[in-house]
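Below are two complexes that have chain A in common, paired first with chain B and then with chain C.
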Partner chain A sequence: MATEASQARAGEPVLGAYEVFAQTSERGAMEWQASLLAGSPAMALMLARENFLRRREIFDLWVVPREAIARAGGADEWFRLPKTYREVSDYQYLVGKWRQYHQQAMTPDTMA
Partner chain B sequence: MEADRYHRALAELLMQLADDDLVVATRAGEWLGLAPHLEEDVAFSSIAQDEMGHAATYFGLLAAVQGGDRDDLAHLRPAMARRNSVMLERPNGPGTYREAPHFDWAYALARHFLYDMLERVRLDRVVQSAHRPLADAAAKIRREERYHTQHHAMWLRDIARSGPQYAGRLQLALDRAAADAADLASAGPMAVEMEALGLLPDASHLADDWRAHVVLALDPLGWSLPPLGGALNGRHGEHTQDLTRMLRDLGEVYRSSPGASW
Partner chain C sequence: MNPDGEARTQEFLERLDGGHLVEADDWMPDAYRAELVRLIRLHAVSEIMGTLPEKEWVPRAPTLYRKLALMAKVQDEAGHGQLLIRVAEDLMAPRGENREHIMEDLFAGRQKFHNVFHLPVPTWADAGLIGWLVDGAAIITQGMLLGGSYAPYTRALRRIVEEEAFHIQHGESICMALAEGTAGQRAMFQEALTRWWPALMMFFGPPEDGAALSHQAATLRFRIRSKTNEELRQRYLSKYVPRIRSLGFIIPDPTLQQDPDTKAWTYQQPDWQQWRAIIANHGPRSAARLNLRRTSYAEGQWVRDVMAATRKAV
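This part shows the complex of A and B:
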């Protein structure tokens, strides 16, 4: 059940959720920092600076409205399907097989 | 004689700068835990912390000029020795931060915005001050103030877009703040000396510049700057009981153990 505070009333200013990303250096990757609530993207940028990056030097800052993020969801079965067959290590046994067949191929019986 | 005049004008200017920042920082700091939402609580408190840091810098310069201890100057001077604008000493609303704080966020924003505009036009002058240590400190302070201005401008813009109910409340808050702001953009009784000695260049146009900046920001959003009022002039040391109470609370710990090193 929604609480009174979480219900958006008609005409009331609404706070939106934003995800905050920062880049430490020009060549560095954008990395997720935190989430926050703000009334507008510009406000979200300002609040991100004051809340999470006040004591750090950074190169750049992004705020992304949470609803702009397409989410797969933690329940997605795909993430937990067995994937070892995509690893080289899953095929190590072939080395032995190759060796075995190679040796068979070299015996006098098979060298007609 | 000339040196004495310079010294007195410089001390007056430093007191205006230091006392304004000390008082505005204290009132802003009282919002800790009470701002409209958590993120803004942190942002507004960190602005308060900036302002308090600026006050500490100015009190340090004042101590260097006239002797005495920076913290004594901040905490032990009586209200009538203070030079801050009366607008800055007013409470944030009914109640106190310790008891039943029914504070008014629109008023806090309106007041801080009017003060920010003053800081802007005043710092633009102070960075050219003939007192070099002050000019250097002001250059550093101005870099931070840019972000305070952004913060308040953003709030004003978002409120203006939120509909007439909220925009109307902000105009009422501006009216209330302006009712105490007659002394805000004044450089006080030694303004002429401050300008002539190069301590505060172009002091005579400070109020006009301030008004122009305020109107330029408010007008596109549909707000106006009401007539300025106020029977008391803080630049002359005239203050309300609100300041007396604030100083009593602020200096309570400091006075409890004189000479303690914090």
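This part shows the complex of A and C:
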């Protein structure tokens, strides 16, 4: 199978897909914003800034070549295994229990 | 330090005072880096060593549901260790150090971990108490650190605290079941509480009038932390003493009381000499847990080798 590079004519830039991630709060995580085509990481950064992030304040920006991303794929059954025993929601009954003892249930927000 | 370095440090401190957050590749004074590495290494290794007391109860959990939840919690703690070690590694890289140095220091007795993870866990009530009262103490500390000046650490902490919310509920659930259980179950919890209380009072470290406060002062000045050991302990007492007492359990400290006006708690000081001995790996389970960690590290070497080889081949 011919590669993208071999299909390109001499001197013509090879466009590659980049996924764009931005950090929209200083303490926040990187979040996916968009996908774009660009000839280089520098061009991808410029296009990302101009096309997708013109208004929002951002703290950092990543462009990641799509081929650099390893995907699990949505068909992976592991993501759909029942895991409620790992969730706070399974313990909501404690709110009522603490009320019986004239106490309030605690959350990380009220503790810190 | 040369005058340029001093001026740069002063400017750095002023930016911190203005609310500036520091990223891994920003310039930082050596002392700032050293305090962060020390704190995050202690946190990371405590998460990892903290899996060992609780995992002792995975095969003996009373129901399948409890077993699943306890395994999930142990798995979370190991994950927290991984998150934190990456944060520490980025800070240690300029010194040419990585996670292997952390493990070597742990095995050689140069890397401390929290006092509570040096102790035995003889009953299911002890396992529940760790989830409720030890994780509760940890979340009070971590919640305070969330507002710190080093952004990569606070981002890791945010994920950790979200998972800790499940841990404290899981611990409360076990303790509540024992509190509402048979006389034998209530007695089991009371014995665990009596056993653990001094260690819980030690958890936040000595009060301000004790020794070894230089790190506390430095991390406060660098805005890595915002509260003192004693402020955290007072908060912990305010949160937990009323809850423990509401379930009818007795805290083994006859001097424990809260001033109705100032709301300040007075309490029996734990034996701080004993605390120093425990964190110097002279606790009742220190040697056994370090040996287990050493053995599993050695036995896991082939796994690390295989994973590294796969990475190179792809």
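Some observations on this one:
To be clear about the criterion, the second predicted complex is superposed on the first by the 70 of 112 C-alpha atoms of A that agree within 3 Å, B and C clash if a C-alpha of one lies under 4 Å from a C-alpha of the other, contacts with A are read in each partner's own complex, and residues count from 1 in each chain.
Note that a contact is a pair of C-beta atoms (placed from the backbone, for glycine too) under 8 Å apart; a residue touches a chain by one contact, two chains touch by 3 or more.
This one's a predicted model, so the numbers in the text were calculated from it and none came from an experiment.
When both complexes are overlaid on chain A, the residue A:67 reaches neither chain B nor chain C. When the two complexes are overlaid on their common chain A, residue A:15 makes contact with chain B while staying clear of chain C. By the touch criterion stated above, A:97 is placed in contact with chain C alone, chain B being left untouched. In the superposition on chain A, A:26 makes contact with chain C only, not with chain B. With both structures placed on the common chain, the touch criterion links A:76 to neither chain B nor chain C.
Comparing chain C and chain B on the residues of chain A they touch gives the larger count to C. Look at A:88: by the touch rule set out above, it reaches chain C but stays clear of chain B. Contacts of A:108 after superposition on the shared chain: chain C is touched, whereas chain B is not. Residue overlap on chain A between its contacts with chain B in one complex and with chain C in the other: absent.
By the touch criterion given at the top, residues 21, 65, 68-69, 72, 136, 139-140, 142-144, 146, 151, 154-155, 158, 161-162, 164-166, 168-170, 172-173, 176, 235, 239, 242-243, 246-247 of chain C touch chain A in their complex. Residue ranges on chain B touching chain A, taken from their complex, read 37-40, 42-43, 46-47, 147, 150-151, 154-155, 157-158, 162-163, 165-166.
Those residues of chain A lying in contact with chain B across their complex are 11, 13, 15, 36-40, 42-43, 46-47, 49-51, 54.
Every residue of chain A that touches chain C in the complex is listed here, in rising order: 26-29, 83, 85-88, 90-91, 94, 97-98, 101-103, 106-108, 111-112.
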